[in-house]
Amino acid sequence: MPFARPSGRPPEQMRAVSITRGFTRHAEGSVLVAFGDTRVLCTASVENRVPAFLRGKGEGWITAEYGMLPRSTHTRSDREAARGKQGGRTLEIQRLIGRSLRACVDRVALGERTITLDCDVLQADGGTRTAAITGAYVALVDAMRWLQAKKEIARNPVVGAVAAVSVGVYRGVPVLDLDYAEDSDCDTDMNVVMNDGGGFIELQGTAEGHAFRRDELDALLALAEKGTGELFAAQQAALAL
Amino acid sequence: MPFARPSGRPPEQMRAVSITRGFTRHAEGSVLVAFGDTRVLCTASVENRVPAFLRGKGEGWITAEYGMLPRSTHTRSDREAARGKQGGRTLEIQRLIGRSLRACVDRVALGERTITLDCDVLQADGGTRTAAITGAYVALVDAMRWLQAKKEIARNPVVGAVAAVSVGVYRGVPVLDLDYAEDSDCDTDMNVVMNDGGGFIELQGTAEGHAFRRDELDALLALAEKGTGELFAAQQAALAL
Amino acid sequence: MPFARPSGRPPEQMRAVSITRGFTRHAEGSVLVAFGDTRVLCTASVENRVPAFLRGKGEGWITAEYGMLPRSTHTRSDREAARGKQGGRTLEIQRLIGRSLRACVDRVALGERTITLDCDVLQADGGTRTAAITGAYVALVDAMRWLQAKKEIARNPVVGAVAAVSVGVYRGVPVLDLDYAEDSDCDTDMNVVMNDGGGFIELQGTAEGHAFRRDELDALLALAEKGTGELFAAQQAALAL
Amino acid sequence: MPFARPSGRPPEQMRAVSITRGFTRHAEGSVLVAFGDTRVLCTASVENRVPAFLRGKGEGWITAEYGMLPRSTHTRSDREAARGKQGGRTLEIQRLIGRSLRACVDRVALGERTITLDCDVLQADGGTRTAAITGAYVALVDAMRWLQAKKEIARNPVVGAVAAVSVGVYRGVPVLDLDYAEDSDCDTDMNVVMNDGGGFIELQGTAEGHAFRRDELDALLALAEKGTGELFAAQQAALAL
Amino acid sequence: MPFARPSGRPPEQMRAVSITRGFTRHAEGSVLVAFGDTRVLCTASVENRVPAFLRGKGEGWITAEYGMLPRSTHTRSDREAARGKQGGRTLEIQRLIGRSLRACVDRVALGERTITLDCDVLQADGGTRTAAITGAYVALVDAMRWLQAKKEIARNPVVGAVAAVSVGVYRGVPVLDLDYAEDSDCDTDMNVVMNDGGGFIELQGTAEGHAFRRDELDALLALAEKGTGELFAAQQAALAL
Amino acid sequence: MPFARPSGRPPEQMRAVSITRGFTRHAEGSVLVAFGDTRVLCTASVENRVPAFLRGKGEGWITAEYGMLPRSTHTRSDREAARGKQGGRTLEIQRLIGRSLRACVDRVALGERTITLDCDVLQADGGTRTAAITGAYVALVDAMRWLQAKKEIARNPVVGAVAAVSVGVYRGVPVLDLDYAEDSDCDTDMNVVMNDGGGFIELQGTAEGHAFRRDELDALLALAEKGTGELFAAQQAALAL
């Protein structure tokens, strides 16, 4: 049987990506990002205060929160607010989003402000965290433009772009941008966050089945570089509108 | 100064209402409802189990959960999952939605199944609970059609329609379908849930400023009857597509 | 079979009401209120501080908390402190009590003070929230008198009286002041909070069985007016002692 | 300056004790116990189930819960249900009450039933835990009588009586049954739980100020013996009514 | 059958006691204490702040926290951090440790500092709380010496020594320092905290089986005096190194 | 200024590693692992039950919990049990430990049993999660030997070995096994979990300062391979005793 991805995509093909700015009206940045059937609403909210550990230091803060609507998934998941706590996966993802976006911000240029990136999954089909990072970047830029338009900051604190994509070994073949069908049935799953200078910001690889070899890792990193390249283009196109 | 609503609407005019079915793909019913700028995603999820107090009684259950995305509001609100509990307002609203929808379901015809209505506010501009009830009804009907299409139930357990609207006394004048600007500045606010037979299912009136008189109540109820009439038409139109 | 209420009362008759001031000694106001077998201890506590959102505004605050002793009910209920959270019903009721009592207080005349009304149900037989509102009003007046006696405030901030009663449609007949036997078996249940000027402060009606018609609503409101009239008299009599 | 207790009582005198059975109507045992101004409502609730660790062993269980109404105290305390947890003092006291009452019950004779003793302080003036144990004993006996009257158990599982009193060293003098004024200003405070055979069930002594000597301990134990003797008489008198 | 303790010890013999200072390197005091197979790590942490109720009063505070590693016990216990709360036993023990150590400190001499004693059980075999108190005393002295060495305080705020031991009636015989085999099978269990002046600081006796008589109490207190005497010697020896 | 690590180690040198089996006596596996001043107690507990999602499937489960004693760190951290929840970092680490160890176990050979690996940090100096994984592996093997000795399982379910080490870019130089001084001041930090077949199980790299380039990644992976090689030898040596 020849290799085939459930979606019929070639190994190195991403799903259709769309980035819609201004999806809701109250937030300083509001982006609906879609990686195929995965759809995440990313909002950026600006507040004129920083966490206690930064008070008086002349620096800003970027943080993130992540959630899934209970029926964004194939079967309904418990609402975390009703259970009374965020699960380990949620905390792990929102810490990842926060670190990734902080990596492209000059926090002194931001001044004593906090930008909170809320990433809420409306529909899940694999890759919600990578879509969230990619979309949150655009919402963040919009919030910075809003601050500049109000003359609250002198220059744009965003330095470079950040995007993320998943890669994995599916039935022995390295593939780009796993959807849910692949994600739940693959040997190795890796989330790669890169900047547009080709540097790695985060690398999180997990061998679900057999441990991955060094040559597989190399192939996966090459796919990630290709994928994030396409995402940087999509971000730029959306921001140019 | 002549009376004017912030939106310029006449007192008896509702905001533009839209009801979009199939907004997301996993849920058995998925509806995006908009009352003007208020947008709520209502999903209906079917599960083949009932709460403990109904086990073995041959009846089903309808329940609801409600949430607001942190930046659905003008300024960012805390995420309830992060705070570790749902607030009193949230619990009150989700109890209201659940009771309202149970009023139009023959729970014996449903059999030992639970339908959970998740109402998540993507964008808030007043009247989120009434939009949620109105949209959740359509999602509920879609879930029932799904059960009928799968031949799991013999007949549709939904009896009649349910819709809800807010009314209030704004600067001395009874008005229909308050938006946020009116809601935060009115004397009396009432949420009215009706069925399409003209019966009242829930009536929740609060005098924020001065207590309301009987004649004001009568005027408000007449407006609510007009508003829900238009909502029943919108629900029917959406379900006919 | 002719209509009969479980208690044998005519439809328009309230249960025996008693209001005992000074039931405990530490609180600035302490009232035991009984509507038949329903007994609620209402205390008013004065504190010289206001919530953060009111600080420095020269206004006071009135808030309420509600609880049921675990064995106030026919079968033992879980202790909310042991379960680690207050349920939705509790939060809903204490929000209602707080709003109702705020409706009769001039918060500027109160100054930057908080009065907390703790309503704890010692014995439940239906109508605990309406008894709580009615009794809390008397405790509130006593707390204001205590402040006046200490010359902390120049004039009484309480404007008018507030009382509450439940009405409902039991076996097709509108009745006043439902007890537990009626409450758990009625079609419609409505809690009505009024002031002594005949104005409505809160109206919360729920159709448990069939939806209620406009004429039923009218009959219920007339009963509520009668009932609160008797409660205002009972409050005045208690306060005159 | 000669020694004087704030209340004027001689060192070996208890406060007035009263034990009122049938204080509320739903519980199988319901007792209001007063030690002077300390008033505790103790209810006993019978349930036909046991905790998991006893299932199928043919034994029953006795447990207790304790709470203070927020304004039972001189200044208002936070409501534990609202704070979301029971404090250390509460847990410590309810564990003490449970152990003390288990000491007088033949749990095999009780059969697979649980009796929960809810001790809720309506008014606090020192000694709430000792009053609670003393009153809970009477509520427990009433619940056993109720089981016997219903012929659910063949013989009374209560063996002997249990009562508790506090003793302490106040301004150098051993005194019996400390009230709040003494309790908050004494060097040593000891709670003593005894049975009517003169045996010790619990002994909890704490040196708040200077450590207590052996001769002080002896004097305190003699006072406790005298105090519990009077409490056994009061329990018997109440149960004979 | 002649009387024999499971360990073969005579009734009045303690287990081997060892006290190791400097067990970990970050804390200002760090002591591993062993009573036979019971091993508790006690650290003392100095912080330059006091709880809110002491702010500005020129006094310090001593507090304690207690925990058991999940597999310090024969069968694994739940991790309290994962369950989301500390149990009643834990709270009770840490309150006891805190009170006991406060009894030997001149809090004015300490100044506005808090010393937290963390007592974490690495291995449990009965008597963890008495070992914790005995070891925490040594950690506390080390923290005070550290403060003196840094010239932060002028004189040692520790006045006298504090140690604790358990005693109990095992198969009718009063015994000293119960191990787990005895503790889970004894009639009476008493924890005694003493100072080196022969005074009692805490006395907590519980009759698990039959109530204990006065002569048993006398025998237990004599054993406790012997045991704490040996513990004071062990503490002094460790502190002299 | 020539490059120097705070500890004076050459870039490719690990800290002294020690692995002590049988550190405590109750657990089926109990290992104290030290990477320099980092000391973690790893216990393996065997239970004859599996989580709900595995019941009846004939497979076992490996899970992990992680904690830091409050004063294992330079300054005291809050006790998670007292705060009422485990933080995001804790959850992330214990999920990582669990996944890593599951990667070397044949869960069918284990049968319907759960092995819980509790990793508690007694003293922290960087690299607690990598030390925990490395030590937990040894505890896991001991638990499997215990099961084999009891003839509960026919063959050893552990396939291969697992070890972990951190690598990072410190002042521009790739270094092995970061201690706290390096960890809190480095540009890139990566935790690498490998098996003894040279395969990668987990790879978690974070650019704290500048993003890392591909050649830096290659250097880091080579160091990790060297480090885990030494750890496999240390594990084998410990298990041979």
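Think of it as A, B, C, D, E and F in the order they're written, each chain with its own count starting at 1.
One rule holds for everything that comes next: a residue touches a chain if its C-beta (ideal position, glycine included) is under 8 Å from a C-beta of that chain, and two chains touch if they have at least 3 such contacts.
The model shown is predicted, which means the values in this text are computed figures rather than measured ones.
Legend: contact pairs of A-F compared by residue number with E-F, D-E or C-D; the interface matching in over half of them is D-E.
Each chain gets a centre from the mean of its Cα atoms; the one farthest from the centre of chain A is D. Centre-to-centre, using mean CA coordinates, chain B is 51 Å away from chain F.
Once the centre of each chain is set as its mean CA position, chain A and chain B turn out to be 33 Å apart. For chain C, residues touching at least two other chains, in rising order: 84-85. Chain contact topology: the protein chains form a single closed ring, every chain touching exactly two others. Order of chains round the ring, from chain B towards chain C, by the touch criterion defined above: B, C, D, E, F, A.
Chain contact summary for the complex, chain B toward chain A: residues 24-27, 30, 37, 39, 41, 43, 45, 47, 65, 67, 69-76, 79-82, 84-86, 90, 116, 118, 120, 122-124. Across the interface of their complex, chain D is touched by residues 85, 87-89, 91-92, 94-95, 99, 103, 190, 194-195, 197-207, 210-214, 217, 221 of chain E.
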